[in-house]
């Protein structure tokens, strides 16, 4: 308990110079470095999104022209995927929490961890330079031969940036894998680990195994663009589908890089605010690994109409359906965890219950896309856009913001305004649904993605979507203000404001440099919430 | 001018089948989402902190639940897979008597050729009630033929031929989109598909400038670009004769065999040395750049029209 | 060299603050190396996949195209790398026994064999350059080549080039390690460092063991 | 890991080295024979055997902790996924279903 005598030294007060931040190897400080960086990129991606939604208010928008529009959606995609979503929960919450949750003083390779941030910043400089120098118009998928031979944008510069940030991902993933294997506190067996750790571990496996394939694929695109040697050019015997195979071998699992850590956050928050042990711990834990594994077997469902063999398509289709099983297990277990709990709807809980709902819709519409016949109609339409935004924005961003709110008292040592928190969570949920639900409809009607002009009968849905986006924007901006305020002026939180279990709550807020004054010893399972008092029972 | 649409027009046999699957899945999804959302709301109210709800019997018997909500989704998933896969498989099996229409995509327009002769750009006229098979290729990057009213989609790749087929049912005008991002004017690379009653279609075919058939245009090219110098009837050069070639089995000098299909002939024109016929030396120059993709299609149509033992069908 | 007295390791190896004991640190380092090797496998794996695709599609052309690639140089290089791996393993053994002199010798032999490998590789490349078989930079074959020959050589240079880069990095790391050993920083307790460098070196060898049949052995019989 | 476990290892290293050189000579010899597709298969099988020997003996995967041993296999397993599913497409792409009625 931090009594208001002289404040105990914590990781924030341990050296306050810029230098002490830039050369830190403290996982908590690196988490904050990442937090600031990816927030900046989120703003960049969101501005591109705002321009896109404004342009689409009318069927023949002239606010920006075709070329600018193409660059905008490419920038939105590239920045949001590689500079926000993929690093988001792993590098911010993961870096902050993984060592603390397992009772370690730091990650296994602290210098590698810092290197990861520098590599990330270096890579982002390249991609940002490409954006500033005139942008790139290939879409975030860089499909060949358009990207390799036809586009006039700064493809190589962009690719170099993405190539480099890939190494930041690999460093982070490698670090977490080794940390979870080797640095668990005494008594912290695998089945006593918080489920956030299981999810982060599964994510790290994907980071380590998929990212190199993307790196080499993008290198091949750059090579092709520089020298035109025919790796993906049909005129020289190359196969453009090879690019798609390799790209999606990374980019489909990348979707699970984005969603798995979010699922991890759900477990922590729901257990805390239902004051109850998770329902079916082992099933939730193994479903994370199952999703990470199956996620590698389904990439071909992006290629059902791309000219892939139909037998291959069928294989990928049924494997895609299999991913639905562990996802369903998770949703049902979360719901069952609420049963007979003692539920209070604090801000993080609102975000995460929103996550469960939106993820369910996103996941169910994934079944439509896994269905060969339906995908043959909705492929590359707004139906797909809506589906993956339900997963990535409705799911991942909700979980990220919910997680930030949940652990904010630990990160900053302070409380934020519960009222504004609930308002922001509510706006996010409303704005999100209004933005993206109409896109399912307009997608089934046949509006293709990456169109800046469209037939007038689609306008109603686009206007609804743009209106929703403005509400969504308010939902995003609000936390910046009240969390920023709380960081400096909020009331002190104390070590455990939510009454949560978990080792991270057993240390002061903000935690000291080495997290724990002495190594904790774990004697019980995760989520050992006291059985609720049965009032009048 | 804004017509408000809830559902896309349904103008092919395939569209009816896909819609049946789609709306079944919408129903199923609505059921699951309502169930999950309902349970969450109900639990949040009933078991809110401090409520007097009964919280005893917190047993750990969860296995029956886990197994049931693993097994039931699994069975449903497999069922949905077969439903979708079955329809999809049919989409790749055009009936033998389907009417062929040739499609070339290029930045940023669509060219259509009817075997009877008419050529169209960005507009496609089709007869209702008849199976149509599009034979598609691209001249530059990847495009995609997307006709929402037919619920059909396929990428169009440079250097390859893909087909998609459908049977239009309802006369009317429908959107045609390119749905694979292809550069600057991607959003404008579309057009209109006009489905007409068969009689009107026949009338449309006959009307306007009478055009020679595709095979006839192919024959003209065959002479003009110099193919006939070697492959023609009286050519002195020892080159394979092309009559009866289409659809036959060709033995290659590397010991393998291929079926001489559209792709084979196409590749031979632009990349002759890659598949040399056994017994011949590769003397043929590449015609890459000398003929466009739509001209190659015409050459293929001509070669296709040659019956075995015939030198020239025209 | 052999008359020099070896400085004695002054202190126990450092224990980083995040670890509670030495075993934990050693095991963490080793696991980290294995995970890194997984990443490397996938890194090369993407190229192996591309190679497999084109080899399947253009089998006959690839066989013909591979003729100018020197069977002899490739086979010799395989022998060189295998031998270097043996010396790397022996170096680890020396480190475990705390025999710094042997350790140093074996590390140098390993590094030297790496340099020999690179030199032979260079000769291999320059021969192909003379035949005009280097895509992008100088592709004007002076031998009759099938149409997809360029594709074969793209993968040849991409894959063997990436591998050679790994060998080069390995040589630099080995020299760094032998410098540490020379400075007396390789007591028996330091052998895990040698072991991790060894893991990397052997992995590079494993990659070559697959590159060799794919590029140097095909189409030799015809 | 305990160092004394593989202090005796010199003999194992030399034995494996001899085996590797033997395999190299075998693969050179086989490459000279005309086995059709068998050449590639034989060369790759020999390559795989060499790789396994290197991983197990030179890299001492035999004595590594379980987690390290698992990760020694994980990379190759995942590469297998990439190869099998990609090649599954390439190999079956030419199989065209028969025409419908």
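Going in written order, the chains are labelled A, B, C and D, and every chain counts its residues from 1.
Throughout what follows, contacts are C-beta pairs under 8 Å (C-beta built on N, C-alpha and C of every residue); 3 or more make two chains touch, one makes a residue touch a chain.
Quick caveat, the model's predicted, so the values are computed rather than measured.
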Find the chain most remote from chain C, comparing centres computed as mean CA coordinates. B
More C-beta pairs touching across which pair, A-D or B-C? A-D
Based on mean C-alpha positions, which chain is nearest the centroid of every protein C-alpha shown? A
Counting only Cα atoms for the centres, state how far chain A is from chain C in Å. 36
Can you check how far apart chain B and chain C are, centre to centre, with Cα atoms defining each centre and the answer in Å? 47
Going by residue number, chain C touches two or more other chains at 27, 31, 35, 38-40, 42, 45-46, 49, 53, 57-58, 147-148
Contacts with two or more other chains occur in chain B at residues 89, 92, 271, 274
Where chain A touches two or more other chains at once, the residues are 181, 209, 213, 237, 241-242, 245-246, 249, 307, 310
In the complex, go through chain B and note every residue touching chain A. 1-8, 17-18, 21-22, 25, 28-29, 32-33, 36-37, 39-40, 43-44, 47-58, 62, 65-66, 69-70, 73-74, 77-78, 80-81, 83-89, 91-92, 107, 140-142, 144, 146, 148-149, 151-155, 157-160, 162, 175, 177-188, 270-271, 274, 288
Could you pull out which chain C residues touch chain A in their complex? 16-20, 24, 27-28, 31-32, 35-36, 38-40, 42-47, 49-50, 53-54, 57-58, 135-137, 147-148, 150-151, 154, 158
Can you list the chain C residues touching chain B in their complex? 58-61, 146-148
Partner chain C, residues of chain A touching it in the complex: 99, 104-110, 170, 174-175, 177-179, 181-183, 208-213, 215-217, 220, 223, 226-231, 236-239, 242, 245-246, 249, 514, 519
In their complex, what parts of chain D are in touch with chain A? 67, 74-75, 78, 81-82, 85-86, 88-95, 97
